[in-house]
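Down below are the structures I want you to see.
Two complexes come next, and they have one chain in common, chain A, joined by chain B in the first and chain C in the second.
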Partner chain A sequence: MSSSIGVRRLQPYLFFYPSLILVAAVSFVPLFYALRQSVHSADYLQTGGFVGIANYVELLRHGGGLADIGRSIVFVLGSLALTMPLGIGLALLLDRPMRFRAILRTVLMLPWIVSQLVTGLLWTWLYDGRVGPISHLLKQVGVNIAGPLTDTQWALPSLMVTNTWHSYPLVMVFTLAALQTIPAEVREAARIDAGSAWRRFRHVTLPLIRSTVLVALVLTTLHTFNTVTTVLIMTGGGPAEATQVLALRVFKEGFQFYRQEVAATAAVVIFGLNILFSIAYIRVLRADRG
Partner chain B sequence: MARRGTARIGDYAAYAFLLLACAFVLVPLAWGLSTSFKAPQDVFASPPQWIPATIELGNYSRGLFAPRFMRYILNSALVVAGALVLSVALAVHAAYAVSRFQFRFKEALLFVIWSTVMIPGVSIIVPLYLMAVDIGIYDTLFVVIVAYSAWLVPTLIWLLRGFIDTIPTELEESAFVDGCGRLKTFYVVVLPLLRPGLAAAGVLVFVTIWNDFLLAFALTLRDENRLLQVGLYSFVTELGIEWGPLMAATIGSTIPVIVAFALLQRSFIQGLTGGAVKG
Partner chain C sequence: MRFGSFARRFIAPAALLLAAGAAHAQKIELWTFVGPGKENVRERAMADVIETFKAKNPGIEVNVTIMPWQQISPALLRASKAGQVPDVAMLYSPSMPAHIAAGTLSPLRQYLDAWPAADRADLVKLPETVDRKGEPFGVPWELRVSGMGYRADLLKAAGKRAPQSIKEWGDTAAAISSNDIAGIAIGFSPEAPSVAAGWFLTTLVGSGVKVLADDGKAAFNTPQAEKLVQWVLDLTRNKSALPTNVALQGLEQAQTLFIAQKAGFLPQSSQRFEFIRERSKLGENLKLVEYPGWDEGKPSPALVQSWSLVIPKGAKNSAAAWKLVDHWTSAPVQVASAKTAGYVPVRTSALKDPWFSEPKAETIRWAVDYAGKHPLKFDFPENTEALYDTWAKMFGSVLTGKMSPKEGLAWAEGEYNRRGGR
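Up next is the complex of A and B:
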């Protein structure tokens, strides 16, 4: 009897702790590992002596880290400028009774479930400088470049378009869900009172879906900022470092150049910036609600 | 009359824009699909050929159905299966504990688990690789299963907790009255009611692992342990790119996800948004 009471006492822990232990081991331990490595030197896969912030100084001042961060931010802002209006706009168009709505919605969600690597491969081939349809089109309208991905001016914007293809569906799905929670009476009243469609959106719809749109904005920001795979497969950071973003830097330092201390330092910087972005957005969200 | 006229123009404009967006979605897929059926000499035809002059099925036998690539697909399927069992088994118990039990530091520990969602994969892949080497489990499917499970568990707990919260406790209470213990009640009464939640969880596990490149790349080395996306990547880096077979493998490996999506859209939306959007 006493043992069964003991088991009952332990039950919450038996149910909960296995998850906790696994998650801690695979998420927190490596994070601390990275933090520790970022303040130590490295000697091919072995952690060396304590060096303070020397790795950070090296990465940011001499190693081009600041330029990488700058390109990451341009990549994020450019992607957001395309992704958010597209996702929200399509959600607004889909949020009304119309024929073929289900099929349109399904097609428009497709990129969401295509992997980053496949996205990168498909677009690399679409952008191909010799035979890709996009280069062909550009040549016909008089733009003479070797190819969208091999031209230093065009490479990063081309990646933004690809990233938009992959990330707008999430914004669309979130916005659509929020729109569907708006009561029918509110819509009806707005339709009668608010005049133009834009005013209706600006003054009635947007305030009601604002927090959901902000969440989608945070997710898209972080997703884009942390993207390695698409950039790796499409340009590998080139041409001439034009698309060398910070996330790709971690991958290349860790798995191509085997400079673990630089990889760890860049990884910690990325983590810090993730936290910073999230806090900034949470404050906006709070201010919004309060 | 005028009002109906503008409404009609508005409708046409909406359709036009939606169709344009569909074209944006479909063009990359169609170009890849077209290439997957092209004979080598047509792949580099200029101007670009959208409909292949001759249908070449050899790309599929040399790409998608090549023994090497089938091995990658099998590995991905094995890891999905392993991670499905491990992560869902852990998460469903934890989610139940969170929903129904009170225990010490519950909120704080829950925060610890959920905060790991904020750790980006790219920040920890290098340490994970080094740790796996240290422990001696690097380059095994086992470590890949464990790592993916750990990544999935926080979102799965969130997702499943949402579903458990909607089950009325009266059902469990009447089971207690009938003499069922907590554990038996959980398995016999609660789990069967969780089917929609488990479906969404399954979708999340499947899509995450089937589509992810980074973690599988970091934790495996030998060809025989490669997962699908790593295999696709190696087609590009190790051999000279042959676009026909590559596109056959690329499109072919994406089709299972597209079919599953078309059939189970509700579960997909619930799973991929972590239950934030109820499909």
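Up next is the complex of A and C:
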């Protein structure tokens, strides 16, 4: 009897602690390792002496870190500006009864299951100024474009479009799931009372799905801040550093140039930016609820 | 029963059996970017190496771990830190100096000294595989020589010969180019700058200037380098000779352009040309020529790179690992690999095989001839990728009009030195 009570008491801990240990091993340990590395010097993988904030000063003052942060923020905001309306819009479309809805839903989900590597290779070919179909089609209608990925003005917006193509299904699925939880009578009441479709969406639908959309917004933000593969494959940070974002910097410093201290410092900065953006979103959500 | 008698009867035979079993089960771990298989020529060549090794060494098993070629160097560095290294690994020559500096590799002097003098002399030596004291840390198992592929049909139609100088190269590229055909397909993107930066390096060295000072600091901000960067810039201003959108791409896009028969010249590494010939269906119209220098008839030195076999420090079965290295780099295996996959052999004696006189071996003969006549004398830095990345960024800034060639070179020199060569 007493032993079964003991097991029952232990049960939550038996479920909780293995998960905690696993999460700590794969998330917290590398994070603390990066934090520690960012305040130490390094020689390849050998950690050197404590240097305080010297690595941060070097990254931000001389290493082009500020410009990289600026590009990362522009890349994230630009991607969100395209991804969120597209994902929500498509979810609203798929929420309506229509023919071939199941097929359309599957097709629209496809970009999500394509790896970033394949996405990068596919869009590099699409954008190619000489053998790519986009420039070929534009030429047919009299628009000569030399190749957006090799143009300092167009390279980053082109990456935003690619990132949007890869990211919108996540927003679409989240939003669609939230839309389908709205009771039919609420929809009916809104249809009668709220007037235009835009007014119905703004005053009835959006408040009801806001929390879910915000979760999708946070996830898309984190995903975009941490995007390396597509940028690495499509531009490598060029031309003239026009697409050098901070996540790419982490990868290159760590795995190409073996400057672990710089990679760790940039990684910690990205982590800080992710936290800042997430806090801002949560505050918006709380303010709305209040 | 006394203990001595017991030991003689039971323990000693059991120990012998255990030792025999252990010797039979000896296993070496190999990290490679291509595994044994039947899918393509590289896999078949690899399968042949492993099978012939196992036939020669029946007590040794080879466990193959395949990973993308770019991942081997960082993975080996991490494995070294974790104490979980393989027994043998392939390393690309530009990555060797970083590993030598990081102390992840075992010196191979004791093994190489055990070879007969003729075998040592027969093996091609690469500066990247030794440290500054001359201690060897890797043995190349294949070679690749950078050079220039060109469309013989386009040159013939324009009444041009294969270019003998940089100026002639630019003129010919302009002559064969059109709205649909780029004269030269070379990409300076930081995404994959190795071919373009390698060409820049050999041409600079060929023009007689130092690229790096003796202390490893950048010394490439010279009038000769400025002239070369200006030449590239001028080519892009003649839009078809080297379109800016081609010059700012990576090497794969440049290669794709050539395969699509939309470019006249393609600087590239020798091991790729057979693939390009097959894919582009150019056949005999794809020819190779050395990188031209500034003076007519004096080509730039040949950039030779290799995949080397290394034994990481802390390898559990280094003696067995060396047996694999020894086998792989032996003349018969080198000949077999050349025949199967077109690899350039690392032993000069291998070239005596009659197969190398056949038309199939034309690219190999060209590569060996170029490397033998015009060797590149350059001490590669600890991290060649950092040097190449800096140059790629510099070309990006110059070709997009953000900097003049002089400003670009000054920036690149300062940037490379600020980063301490990494």
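Just so we're on the same page, the second predicted complex is superposed on the first by the 261 of 290 C-alpha atoms of A that agree within 3 Å, B and C clash if a C-alpha of one lies under 4 Å from a C-alpha of the other, contacts with A are read in each partner's own complex, and residues count from 1 in each chain.
Methods note: contacts are C-beta pairs under 8 Å (C-beta built on N, C-alpha and C of every residue); 3 or more make two chains touch, one makes a residue touch a chain.
All values reported here derive from a predicted model rather than from experimental measurement.
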Combined model on chain A where chain B meets chain C, clash or fit: clash
Touched partner set for A:165, first chain B, second chain C, both or neither: first
Partner chain in contact with A:252 - chain B first, chain C second, else both or neither: second
Which superposed partner A:174 touches (first chain B, second chain C, both, neither): first
First, second, both or neither for A:150, with chain B first and chain C second: second
Contacts of A:133 with chain B and chain C, given as first, second, both or neither: first
Touching partner for A:264 - first (chain B), second (chain C), both, neither: first
First, second, both or neither for A:234, with chain B first and chain C second: second
Touching partner for A:286 - first (chain B), second (chain C), both, neither: neither
Of chain C and chain B, partner touching more chain A residues: B
Which superposed partner A:62 touches (first chain B, second chain C, both, neither): second
Stretch in clash, chain B with chain C, out of 21-29, 93-101, 165-173 or 219-227: 219-227
Touching both chain B and chain C, residues of chain A: 45, 130-131, 233, 254-255
Chain B contact footprint on chain A (complex, rising order): 8, 11-16, 18-20, 22-31, 33-34, 37, 45, 86, 89-90, 93-94, 96, 98, 104, 106-119, 121-123, 125-126, 130-133, 136, 165, 170, 173-174, 177, 197, 215, 222, 226, 228-229, 233, 247, 250-251, 253-255, 260, 263-264, 267-268, 270-271, 274-275, 278
Complex interface listing, chain B residues touching chain A: 10-11, 14-15, 17-18, 21-22, 24-29, 31-32, 35, 43-48, 50, 90-91, 93-94, 96-98, 101-103, 106, 109, 112-113, 116, 118-131, 133, 146-147, 149-151, 153-154, 157, 182-183, 207, 210-214, 217-218, 229, 232-233, 236, 243, 246-247, 250, 253-254, 257-258, 261-262, 265, 268-269, 272-273, 276-278
Residue ranges of chain A in contact with chain C within the complex: 43-46, 62, 124, 128-131, 146-147, 149-152, 232-241, 252, 254-259
Residues of chain C touching chain A in the complex: 74, 77-78, 80-81, 98, 101-102, 182, 189-193, 243-246, 248-250, 253, 256-257, 260, 262, 383, 385-386, 389, 392-393, 396-397, 399-400, 402, 418-419, 422
